Structures are given as structure tokens and as C-alpha cells.
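Below you'll find the structure I mean.
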Amino acid sequence: MKRIGILTSGGDAPGMNAAIRAVTRKAIYEGMEVYGINYGFAGLVAGDIRRLDVADVGDKIQRGGTFLYSARYPEFATVEGQLKGIEQLKKFGIEGLVVIGGDGSYHGAMALTRHGFPAVGIPGTIDNDIPGTDYTIGFDTAINTVLDALDRIRDTATSHVRTFVIEVMGRGAGDIALWAGVAGGADDIIIPEHDFDMEDVAKRIQAGRDRGKKHCLIVLAEGVMGGNEFAEKLAKYGDFHTRVSILGHIVRGGSPSARDRVLASKFGGYAVDLLKENKGGLCIGIENEQIVARDIIDTLENNKHKPDLSLYQLNRELSV
Amino acid sequence: MKRIGILTSGGDAPGMNAAIRAVTRKAIYEGMEVYGINYGFAGLVAGDIRRLDVADVGDKIQRGGTFLYSARYPEFATVEGQLKGIEQLKKFGIEGLVVIGGDGSYHGAMALTRHGFPAVGIPGTIDNDIPGTDYTIGFDTAINTVLDALDRIRDTATSHVRTFVIEVMGRGAGDIALWAGVAGGADDIIIPEHDFDMEDVAKRIQAGRDRGKKHCLIVLAEGVMGGNEFAEKLAKYGDFHTRVSILGHIVRGGSPSARDRVLASKFGGYAVDLLKENKGGLCIGIENEQIVARDIIDTLENNKHKPDLSLYQLNRELSV
Amino acid sequence: MKRIGILTSGGDAPGMNAAIRAVTRKAIYEGMEVYGINYGFAGLVAGDIRRLDVADVGDKIQRGGTFLYSARYPEFATVEGQLKGIEQLKKFGIEGLVVIGGDGSYHGAMALTRHGFPAVGIPGTIDNDIPGTDYTIGFDTAINTVLDALDRIRDTATSHVRTFVIEVMGRGAGDIALWAGVAGGADDIIIPEHDFDMEDVAKRIQAGRDRGKKHCLIVLAEGVMGGNEFAEKLAKYGDFHTRVSILGHIVRGGSPSARDRVLASKFGGYAVDLLKENKGGLCIGIENEQIVARDIIDTLENNKHKPDLSLYQLNRELSV
Amino acid sequence: MKRIGILTSGGDAPGMNAAIRAVTRKAIYEGMEVYGINYGFAGLVAGDIRRLDVADVGDKIQRGGTFLYSARYPEFATVEGQLKGIEQLKKFGIEGLVVIGGDGSYHGAMALTRHGFPAVGIPGTIDNDIPGTDYTIGFDTAINTVLDALDRIRDTATSHVRTFVIEVMGRGAGDIALWAGVAGGADDIIIPEHDFDMEDVAKRIQAGRDRGKKHCLIVLAEGVMGGNEFAEKLAKYGDFHTRVSILGHIVRGGSPSARDRVLASKFGGYAVDLLKENKGGLCIGIENEQIVARDIIDTLENNKHKPDLSLYQLNRELSV
């Protein structure tokens, strides 16, 4: 393979630029050419494609977001869209494609694979909800951003002896809430993957107050319900001077953490290794500290991401 | 004066601990004793008072919030509450009081002054909305926290070519929105102190898009309206792929900035200078880089905080 | 086991407090008592020991350093010192000990184990140079601190078209240099575990300049040589406008990262699980994402930490 | 005036990009054209000049360093160099020049002024050592960077009961040391503008230890002497477990603080106001919160920057 394309798709995540840089640099190191596709699959179909050189990815590794832009593009779910995309790739002489993104992006890569075009998926999303990998690019940065917010809110919660419900992103997954909650010393973590009982939540808040605890932080995954809804339901069991904080989009941005940049660099390098050997239809991941590649169709159809629920139990024990 | 008290009241602000430390250390340096009062005026009335020593304020300068806690206490608006508070102060032999806080806190200090008890106010609030000073303790940290959020959101806004409405704290004042907006390169800043026209806002967003601008950031002071309400009204003039981010309480916390710690140290030291000379009924401020003290009754009754509106015009010119 | 002790020893590392908190909370959750020993093995021998309660470890998870203090204490290498330590532990009714620290700390734990006193080691050091674990507590924070410095230095290096040699901690290990170097987009990484040729370094700097590269960052592990010495030797091969930055002790401090806090919490919880079952003589680690415990004597005598050298090769390929 | 040039010179400072952006945007707003000159006076003489458009300064406000690069260029001290520079400016039709930088940069601007070419100086340096302004662009960011380092070092100093000498930049001025020292709760601040006695320093360290103080931080301005030299001299008066940290170049970089970006925006806007009215030979500053312009020749020849020495005394009182 002599010429590869790269695009980012779905929600942006810190470290996407580091992955684009790694793919570009590694491919050039291997004697290949790289073309960047703007605006994800929308740009692919539209032919918004340009050559990337070593200098194009200089001074990018530290930047949040994606300099290739991203876009939602439901039209790519149609065979017509997919074939149009492949036509564009061939027009530019591109023989293989690297897709960085989440769930939807992987489905696009799977579709190309089914049409016989070699595509490789790199998991890039803050939500950590992609099968086939322990961690996605952006997750480590996101939990540190949430943690920074928790540390700030703890100041105010302690100063005013308040309860805070902090709603965090994660779509259907509780990973961000779990990790940031344990790291932030949350009193409770509410995630989609584990039942909870509001009366029980209230009892534990009260027990903490009775022991003289000055603050109470509840980290709530958005996949369960909204923060304001949660606070309203909690209020039925007592007045805990509750405030709600919805972290929202600040968690998506920011300069990527060391771990996210290293992970992105490894993933990007490995994607080129695979395409160089004409291996497509794969998604890359890290499993038990090893960089791996799995069949993308099988992974999407037969696997499901699971959070580390031992953290849930651990937090329960440490928040006595 | 040989023994002074100190309390924090109202919303917590980064740098309050640095001010408590400065008052305590300076007073001890001057041969006086210091008593800390927990939970603001509520703790004053309840007699929740304890001696503060040099070591009690060690390792506190860098911490957000207030280690003396704060509380709302509307009961202090009554003469009965005020006299009870003075009784408690006298019980502990306290001859003068330093009150760190915002608007409401100043009214408490004014009441004590009217009853003949020497009180000195130090402006501590993130909102910068206190008369008698150019800057309050906590404002500089708050605008940097908002700025950090703006920089993160810009990553996502650019990656997805979106418009973001970022609602920031400030109560009735637009200072946080103004400063953070100029520093963050906001496309528009909406504050209570300046009219705005929604159609005009929409036109400028569209003009930016037409010029190829990838992101649009609108910083909205909470004193105008909520972020979601603003976005709904904006939507009537076009679809700008708008998202809303409500920064909320994360802006109150965090380790204070260098400037807030220096300001808090100067204010705290000066408060002790005044009380040492038995001067009460004053509020401290910084005006044109000079530390000043003004009559607290006159300041509250006859002055009003005004933001630096030249920033509004400047931002308009720089966001072409 | 009903009563356990805990101490931190050797160089402090971010996350040690999170580990102390986890041990304390988990032990109390399990119905055990916890005693904190100040100043490491020195405090153990001196009997500087006190009960730790739930509240003693509140508001500590986010703090750098160790609130139990640390100290070098070569005297603990003597049998006399060790027996004196065990005597103190028995005096307080302590039946098992958790030691958080690096190399030297582990040797202390091993000595206690040899005398029949159950000790469990938790790897806490920024250097990541402990056998029996993929990661130590503090390493993730340290590489992010170095990364922040690299990002800052890149600003200046680019603005002035300069070469920077950045010396980073790590004692005999190159882990910090490797990870931070890859994450920071270093042009070269010099570590003890891999040969380097100064002429080759110079050639690659010159090649970068010839391609129009504005900055050159060389990350140097202190275990190879000092930054100034390196710069002097490099100068023999050309004038690259070289500056030296020795990051030093700023890398040891700071609020721990999310990952370090989670790791510390897991390690701390597991240490209590082991002691509860009267299992001592073990060192805890994370291997391939699993929390494990190994024989401490065997681990120290027969294992050696190895850095992930694939990062070295990857960086070479990405810094074309 | 219809066309202006802009360059940055001397050491880079955070906020320089914000100033370039402000000059560019404001000038375009006023109907003027802007040309950016790379590499300071060196690029001016060499004619390394290009048109700057609105988009060229987009996404730059948050970046450290200077995207116009900087360089030392002693040759500009010669009349020949100056006339060559003016020749280049005229070749591009440039009628006025904005120079952002420190001491040396101002001398270049003064030279152009003497030759009749309208130049306006904007003070941009972390050192805050420019006459004619209370604050320079970059100073606020720099003191926060130093403060972050002090907070980190305090963790280690406390954990190990050590004394740290922290050498900070500032050339001949003590401003960075003074502000960061007060904000960081330094035990001592050593600056060129105030005498010190090493025996007295040692006595105060010992007094702190006798009172049970766990850490001792001494902030040393590089203009006094180097950190290692200081530690050696201190060692003659006792063993205080002293460590040295030389912060060096990390203090120059990083994303500018809110205050630096606002200041840079105001300065940049005002520079255009002046040039629009054909006013040259001026240097811009902020004095007592007012943006001012003074004669650059008079300012450089008859004024000298003085730090706020009241901070020195305040720190002495608060470090009891």
C-alpha cells in the first residue's frame, strides 16, 4: 500500500490530533503518502481531501479537538453514500483508510470493509464505550478534566456544607463517572451499569452528615438521568442543601494527557503497520497493556464494552 | 486593640484562605490575638469561635474555599441577631472584627459598625460586584477558570463548526463575562450592563460563518438570562448548531491565582493595620493600584460597582 | 488481624496520600484499626505513631506529598534498627504493616518480613523503577508534569528556533523520559537503557533544521548524565542554540492525576485484603491491568524493572 | 496611516500572540492593513515580511510564545542596520511599526523614532522590568507558573522537612520573585533591589524549624546570584537539608493568563489608535489601571522600573 487516507468522525476527543500525527509521521517513515480527509465521512463523500506532510502535523500533538474537523453524517449509513466515498478515495489513489472515532465511526469503517475497501478503526472518544479496547483515546484526559472540576467543587461544597450532584458525560457508559468518582473521592457514583436506590443514597448522605462530614459529592453518569432530575428526586428524601453541576462540553476539550498522547501514538503507528501489510477490516485496541487488532465486524457485532465494576465496589468501601 | 475576630460570609471565593492567613499572621506579628469564627454570621451568633495560631493558617494559602466555612444567615439582618453577635464577641474579649465576603457580608459589617462595634470589610467574591474596590478577592481566579473552560470548548466548537453559548456566574454583574470573554476571544459578550439585540447577535454569527470562521463563542452573564433560554431565542434567527454550556459552580473553587493571593495578603495586612489603630466602620479596596479604606456605610449607600465597559467595545472591535 | 500500621518512605510521590486514605478507609470498613507512622522507618523506630480515623484522611486524596512525612533512614538497614521497629509496632498492638515507597522502602519491608513481621509493600515513586509492577503510584502524575513543562518550553523553543535539553528525574530508569518524551513529541530521548551516539544526535538536529523545523526538544533522563554536561558534549558537533532546563523537584509534587489516585485506591484496598487474611511478605503491583501480589523477597532479588522500549523505537519513527 | 507593521523582539512572553492578534484585528477594523515581520529586527532588515489577515491571527490568542518568532539581533544597534530596516518597511509601503518586547526591543523602536519613522512600543516580557508601565505582558502568566512550581515543591518540602531555594527568572529585576514569593507563602524572598544578610536568612530558617515548621521556601531572583551558589553560602550557617530548584525556561512559556490576554488586547488596540493618528515615538503602558502612552526616548533615558517593595515588607510580616 502506497497511499492511505485518514479521517476523524463523531464527537471530538483529546488525543485525536496526536493520532493523526502518528499515522502521518509513521506512514511517511515507511515511505507511504498520507491524505487527510476533512469533516469525517461527510468530507469523504464530498471529496474534501488534501495531502498531509510532516510539517502539517507539527505542533499538533498537544492540541485538543481534531484539526481534520469532525461531523455527524447519517447519510453514510446508506450504501450509496459508502460507494460514493470509496469512489472519492480511489480518485485520490488512496488504498486504505484510518478512521478515528467512536461507535458510529466504526460502523462507517465496517461498511467500507464490507465493500472490500481496507479500513482500520482507532478508538477515539472520551466515553470509553468502544468494544475491543480497554481504553479509548481521550478517556484519560476526560477523567482528569472531571477530576479537576470535582476538586474545585469540593472547595465550595466543604465551605458551605453542601451536597453536589455532578452530571458527567459518557453517553450510555459509566466509565467516566466511575474513574473520576473514585479519583475524586465521591460519596456516591451513579452509573447505568449498576442499580441504585434513591432512598439508600439519601440515607448515606445523612449518615455522612451525622458523622460530621462537611461535603457530599455525587457523581452521576448522564446515561442514568439528568442532574436536575436526580436532585429533584433526591429532594423527596430530605433537604441536603443540594446543588447541581452539569459539566457538559468542557470535558471534551483540552490538551491531551500524557497517557492519551502515548496511546494515540501507539495506535496510530500500529494502524500504519497493518495497512502497510494490506490488512484492513480491523479495529485497534489496547488489551492488558498490549496493542491488538481485532476483526472490526466481529468486534462490533459480538462484543460489548464493560466498565470496571470493581471500582464501584471499591468506592463504596472507601466512602465510609 | 488586642484581640480581633475574623469570619467569611456569603459565597466562597478563592483567596479567602489567603486573606484569613494574612489577617492572622499580621495580627500576631503586631502582638495581637486572632479568633476565627466558623460559618459566618451564623457561627458568630452561635458562638462557634476559636483561637487561631500561626500554625492554624499554615499550608492554607493555596487552598480554595474557606476553612472557616461560610453560610447564608438572613437572621443577621435583625437587630436582635446583631446584638447577640456583639455579645458573643465581647464574651471572647474580641474588640474588632474582620468580615470577608460580598454584598451581604458588608451589610452585616455595616450593622455592627452602626452598633458601635468596629468592623472592617474585605471584598471577597468571584463576582467583582462590590463597591469601593476595583477588584475583589477571587475574581482573578474565576476569570482564569472560565478562560480555561473557554479554551477547552473552543477545541470542540472548532472541530465541529459549532456555536457555543457559555453561561457564566456573576449575579447582577457582567465583570466575569467581560474579562473572560475578551481573554477568550469571544465572538460576543452579553452582560446586564449593556443592551443587546438578538437579531444583531445572529447576524454577526452568520457573518463569521460566511467568512469561514470555524467556531463561535458567546459568553453570557447569568444576570441577563439563562444559557438555555438564550439559545432558544437565538434559534429563532437561524440554525447555528448551537450548544449550551453552564459553567456554574466550578468557577467558585480552585487554588487561587497569584494575583488573588497577593491581593488577599495586602487586604488582610491592611485590615490589621486599621484595627490596630482602632479604626472600624471601613471597607478595604484597591483603587488604581492603591490599597484604600473607605467608610463602609457611605460606600454601600452611595456607591455602585461599575464594570470596565471599554472591554465591551474592545471585544466588538477585535471579534471582526 | 485487627490493627495495622502504615508508613511512607523514600522520595515522596503524588498519590501517596490517596493510598494512605484507601488503606485507612478500607481497614475501617473491614472492622480493623489503623495507625499512621510519621517519617517512615525513622518514625517507626522512634515510636512516632498515632491512630488514624476516617476523618484524618478526609480532604487528603487530592494532595501531593505525604501527610505522614517521609525520611531517609539508613539505620534501618541494621538488624538492631529492624528489631527496634518491630518492638514499637508490638507496643502499639500493630500486627501488620503497609509500607508505601520505592526501592529502599521495599528493602525495609523485606527485612521485617524476614523477621516474621507481616509487611506489605505498595510501590510509590515517580520513577516507575520498582520490580513487580507495570506502574508505580506517582508515575502518571510525574509524566504529566514533565509534559506540561515540555509544552511550555516548546513555545520558547519555537519562538527562538532553539534546541532544548530537558533533564528529567528517574534515578537509574528512563521511564519518565520515555513516556513524557513520546507524549511531548520529543526529537530525541536519551535514557540509560538504550545506547546513544552524540554525533548521531547532532546529525538528526541538523537534519531537522534543514527541513525547516523550528524547535528541537531532547528529553534526557538524569540517569545518563546531567543536562549541562550533555549540552557541552553536544556543542562539539555544532552550534544548535542549545539551552538546558533541569526540571528537578517540581516533578515530585502536585495534585495526583486521576489514574494515580485510582491506582493508589486499588493498591491500598488490596493491601488491607491481604493483611486481613494475615498475608504478609508481599508486594503489590499492577500487571497487565490486574492487581497482583508477589513475594517481596523473590521480587526484589530476582526481578528487575524494565521500561517499555517499544516507545523508544516509536519515537524515533515519529520524530522524522 | 494605511499600513502598519508588527514584530516581536527579545525573549518571548505569554500574551505576545494576543497582542499581535489585537493589533491586527483592530487595524483591520479601522480600515488599515497589517504586515507581520518574522524574527524581530533581524527579519525586518532581511525583509522577512508578510501580510496578516483576520484569519492569520485566529486561534492564536491562547498560545504561548510568538508566532512571528523572535531573535536577538545586536546588529540593529548600528545606524546602518536601522536604515536598512526602514528601507525594507518603505519597500512594503509600511508607514508605522509596532514593536512588542522588552528593553532591547524598545531601544530598536527608539532608534527608528530618531530616524523619523513612527514606532510604538508595547511592553512584552515576563520580567516586568520595563519603564513606563506597571505591568508588562507575560508577567502575570509567569508569576502563576512560578506559583504552580512553588505549590508543587511545597508538597515535597513538607513531606521531607526540607529547605528549598527556588531560583526564578527576572534578569535584573525582582518582580517575579516578589509576587510569586508573597503568593506562594515564601519564608524568604531574595531580590536585587533589597539587601539581605545570609546569617539572618539562616537564623530565620532555624527559628521556623524551632517552631515546628515543616518546610522552608526561599525564592531567589536570578539577578542576585544562582541558586546553587546561594545554597553553598547558606550551608556555612547550618545544615537545613537544602535543595535547589532552578525553574528556568518553563516560566517563559505556557498559555497566557486572563489578565495577560486582556492587557495585551488593550495595548494592541491602543497602539493602533495611536498609529492611526500618525503618533509614533511612544511606548504604551498601564499606570494606575489607565492605558497610557509616553515618549519612548524620554521614558528610556529618564525612567527606571521599580518593583513594589511594600510586598517585601509584607512578606516579612506574614512569614512569622
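Chains here go by letter, A, B, C and D, matching the order in which they are written, and residues are numbered from 1 within each.
In the analysis below, a residue touches a chain if its C-beta (ideal position, glycine included) is under 8 Å from a C-beta of that chain, and two chains touch if they have at least 3 such contacts.
Please read these numbers as outputs of a predicted model, since none were measured by experiment.
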item: Partner chains that subunit B and subunit C have in common; value: A, D
item: Centre-of-Cα separation between subunit C and subunit A, whole angstrom; value: 28
item: Mean-CA-position distance for subunit D and subunit C (Å); value: 35
item: Computed distance of Cα centres, subunit D from subunit A, in Å; value: 39
item: Interface hub residues of subunit C, defined as touching at least two other chains; value: 151, 154, 158
item: Chains touching one another, given as label pairs in label order; value: A-B, A-C, B-D, C-D
item: Touching residues on subunit C, where the partner in the complex is subunit A; value: 18, 21-22, 25-26, 28-29, 54-55, 58-59, 61-62, 134, 140, 143-144, 146-147, 151, 154, 158, 179-180, 182-185, 211-213, 255, 257-259, 261-262, 265-266, 269, 288-290, 310-311, 314, 317-320
item: Subunit B-facing residues of subunit A, complex; value: 8, 11-12, 14, 63-66, 69-71, 145, 149, 151-156, 158-161, 164, 214, 243-250, 252-254
